[in-house]
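These notes are about the structure you will find just below.
For clarity, chains are labelled A, B, C and D in written order, and residue numbers in each chain start from 1.
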Amino acid sequence: MNDNAKQIALHTQAMIEAGRMFHSRGWVPATGGNFSVKLSSDQVLITASGWHKGELAADGFLVAGLDGKPLDATRKASYETLLHMQLYQHDSKIGAALHTHSIANTVLSRRHSKIRLAGYELLKLLPGINTHDAEVSVPVFANDQDIARLAAHVDEHMKQHPETPAYLIAGHGLYAWGANVAQARHRVEALEFMFECELWSEKK
Amino acid sequence: MNDNAKQIALHTQAMIEAGRMFHSRGWVPATGGNFSVKLSSDQVLITASGWHKGELAADGFLVAGLDGKPLDATRKASYETLLHMQLYQHDSKIGAALHTHSIANTVLSRRHSKIRLAGYELLKLLPGINTHDAEVSVPVFANDQDIARLAAHVDEHMKQHPETPAYLIAGHGLYAWGANVAQARHRVEALEFMFECELWSEKK
Amino acid sequence: MNDNAKQIALHTQAMIEAGRMFHSRGWVPATGGNFSVKLSSDQVLITASGWHKGELAADGFLVAGLDGKPLDATRKASYETLLHMQLYQHDSKIGAALHTHSIANTVLSRRHSKIRLAGYELLKLLPGINTHDAEVSVPVFANDQDIARLAAHVDEHMKQHPETPAYLIAGHGLYAWGANVAQARHRVEALEFMFECELWSEKK
Amino acid sequence: MNDNAKQIALHTQAMIEAGRMFHSRGWVPATGGNFSVKLSSDQVLITASGWHKGELAADGFLVAGLDGKPLDATRKASYETLLHMQLYQHDSKIGAALHTHSIANTVLSRRHSKIRLAGYELLKLLPGINTHDAEVSVPVFANDQDIARLAAHVDEHMKQHPETPAYLIAGHGLYAWGANVAQARHRVEALEFMFECELWSEKK
C-alpha cells in the first residue's frame, strides 16, 4: 500500500471507531451524523450517504473535492458535505470534522439560540481554553434543507466570531472539529457531556 | 442452500442483529417486542413466542401464513402476529415490521392519545418526509388483549390516515415498518430518539 | 461430569450471564446484588460474599443449606442469604431468586411504602397476571442489617399477601423470583423497566 | 519478569479494566479522569497525560515520585498528579486512587458545597461504614487550576475531617480511593450510583 492509501486507511479506521463509540452512546441514530478528514488542500475523505455511522466499513467513505462533489461520480456523498467543506476552508488548521445527534444536543438546540457553557473542567478540551474558569458560547443555527445556504450562514457567523468552538443546528445536532479525528472526537465527548449536564440543570 | 432458504437465513440474521442492538438500548425488555419479514404474498417469517428478542437464534423464528397461523402447527407464533399481518395486508410495499418497548414510548403512550413530532431532522427517516420542517402524528391505540380486535381498530385508522408513519399501543410499545429490516430498524431508532427528546421536553 | 455437577454448571452459567446483563444496565453496582438457585429441598447454590455480580466466575458461588450456612465452612455466603432461603421455604415452586439495585428501584423505594404498577403490558411477565389491564402492588420493607429479622418480616407479609409478585427493600433494592433463572431474570427486567417508567412519571 | 515488573503489570491491567468499565458508563469523557496505584512509600504508578482513560494501554502509565515528577523526565504525568500524592501522604493505608467525571457528580458539585448521603445500602462500601443507617458527607472543593494550592486545601480539610470518604471538585469530578484498585473502583461505582439517585431526587 502506498503512502496515500495508507493514510486513507488510517483515517478510515479512526472514523469507523469513533462511529462505534458514538453509536454506543446513541449519538448516531438511524443514519444520522457524518464524519470527514481533510486529505489535502483540495480533497476530503467523508462518510457516504445512507450508511449507519455506528456500523461503518471501508466502503462507507468516499473522496470529494472542496466543492463537495465525489471524485467518483457514481458515489453519493453525505447530504451535509458542504458543512464540512466550510470548516476546512474557514481554518486551514482544521483536519477533521464530526457531526453527532444526541438527545441533549437536540433538546437544547430546540429551546435556545445559543448554549452558554461555563465553569466546567472539560471546557479545557475546546480550542483556546486552558481553564475551567472560562465561558464559551455555542451558537444554534436554524435548520435548513438548503445546505449551501446554511453553510454560508455558518461561515458568516464564524468570520464574525472566530472563537466559535463548535456549533449546533436546531433539532438536528452538533458540528465539532479538531486537528485530527482523535481531537475532534474528544471535543464531541466533552461537548455532549456538558450538554447533558445543562439538560439536567434546566430541569431544576 | 437453495434460494428460499438463503433468503430466510439473511432475514433471520438481520432480525437477530436488530434485536441485539435494541437490547443494548433496553428496547426489548424481558421477552417483549417481536419482529417479522414478509417472505411472499402469503407467508411471513416472524419471531416465536417466549424468546428474548435481544438473544434470538435461528430457531427463534417460524414461518406463518397471513392468518397468523404457523405452518408448523407445533410451533407457537408471537402473540401479536395479527398486528404484523395487518401491516402486510394494508400496504404491499411493507416488507418488515418491528415492535419495541422503550421507557420513552411507554411513558408517552400512557399520557397521550397521539404524539406529535415536528421540527426534527430525523423525521426525514419516516415515509414521505423529506424535510425537518414537517409534522407527523403517531397515533396511540388503547391496549387490548384481543389482538384481532386491536388489529381491526388499527386497520380502520390506517385506512382513514394512510400517512400514518408508525403507531403506539398505550403502555405497550411501538410498531414501525419499512421495505426491509434495515429501513424498519432505522425508523425505530429515529422514532425512539424523538420520543426520548419529547419525554425530556415534557419535563419543562 | 456427573448429573449433579452438570446441573450446577448450568445454573452457574445462567447466573453468570444474568449478572453480566444486569451489570451492563448498572443494576449490580460495586458488589451489590446476589443470585441463587434451589438445588434440592435442602440445598441452594448462591453467590459468594464480596464478588462483583457483573464479573462472576465458577468459584463465585457456593452451596448452602436452608439455614443459610455454606456446606464448606471456610466459604462466606452472601450476606443476604436468609432472604433467598425465605423464598424457597415460602413457595416450593420458586426455583431461582435474583436481587438487583437500580437507580429507579432505589429512588422509588426511598419515597414510597409500596409501588403500584397498573396498565403495563409487561405486567404479564409477573406470576398470575395475563393481561395489561391488571394492577400489582410491590411492597417496600424498611432496610434492616439484622437479616433474620428482615426475612421474618417479609415472610409474615407474604403469608398475608400470597399474590406478592416481588418486593423492595428501601434504599437497597429489588428481590424477584421465578421457576428458574431465565424466568426470574425476565421478571427483573420487566420490573426494572416499569420502575423506570414510574420514576419518569413522578417527575411530571 | 521480575517481581517489581510483575506487580506493575498487574496494577496496570487493573487500571486498564477499571477505565474500560468507567468508559462504558460515560465516566471518563474525552481525556478526563486519572488513576494511580502506590508502588512503595516513595513511588506511584499513574496514568500519563492526554490518554483517553477508557482506552488505556501499558504505555499509558508512568512511575512518579511523591513530588509528582515522573522518573523519566521525558514523560508527562497526569495534570492532577499532586492530588493523588496528597492522598498517599495523608493515609498510608491508601493503595489506589481513582478520579472520574460523571453527569451526576458534575451537576451536583456545581450546585452544592457538600453532598450528604444517608440511608443507602451501598454506603457500606465506604470506609468505616457497616450499615445503611448511616450518613456521610462528601465535601465539594472549588475547582482551581493551581493544583498544588487545591491539594493543600484538600489536605487541610482531610486533617480536620479524617472520616472523609471521598471528595468532589466542583464542575470537575470525584476522587475516591481504597486499599487497592478493586476496592477503589467499587467505591467509585457505589458513589456514582448514589449521586445519580440524589440527582433524580432533587428533581422532585
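Just so we're on the same page, a contact is a pair of C-beta atoms (placed from the backbone, for glycine too) under 8 Å apart; a residue touches a chain by one contact, two chains touch by 3 or more.
Being a predicted model, the structure only gives us computed values, none of them experimental.
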Copies chain D and chain A - interface residue numbers shared by over half, same or different: different
Intercentroid distance (Cα basis), chain B paired with chain A, Å: 31
Where chain B and chain D are represented by their mean Cα positions, the distance between them in whole Å: 45
Multi-partner residues of chain A (each touching 2 or more other chains): 24, 203
Touch-based graph of the chains, sorted into line, ring, star, complete or other: ring
Touching pairs - complete list by chain label: A-B, A-D, B-C, C-D
Residues of chain D defined as touching chain C within the complex: 24-25, 119-122, 125, 130-133, 186-187, 189-190, 192-193, 196-197, 200-201, 203-204
Chain B to chain C touching residues, read off their complex: 24, 26, 29-32, 52, 101, 103, 106-107, 110-111, 143, 145, 169-173, 199, 202-203
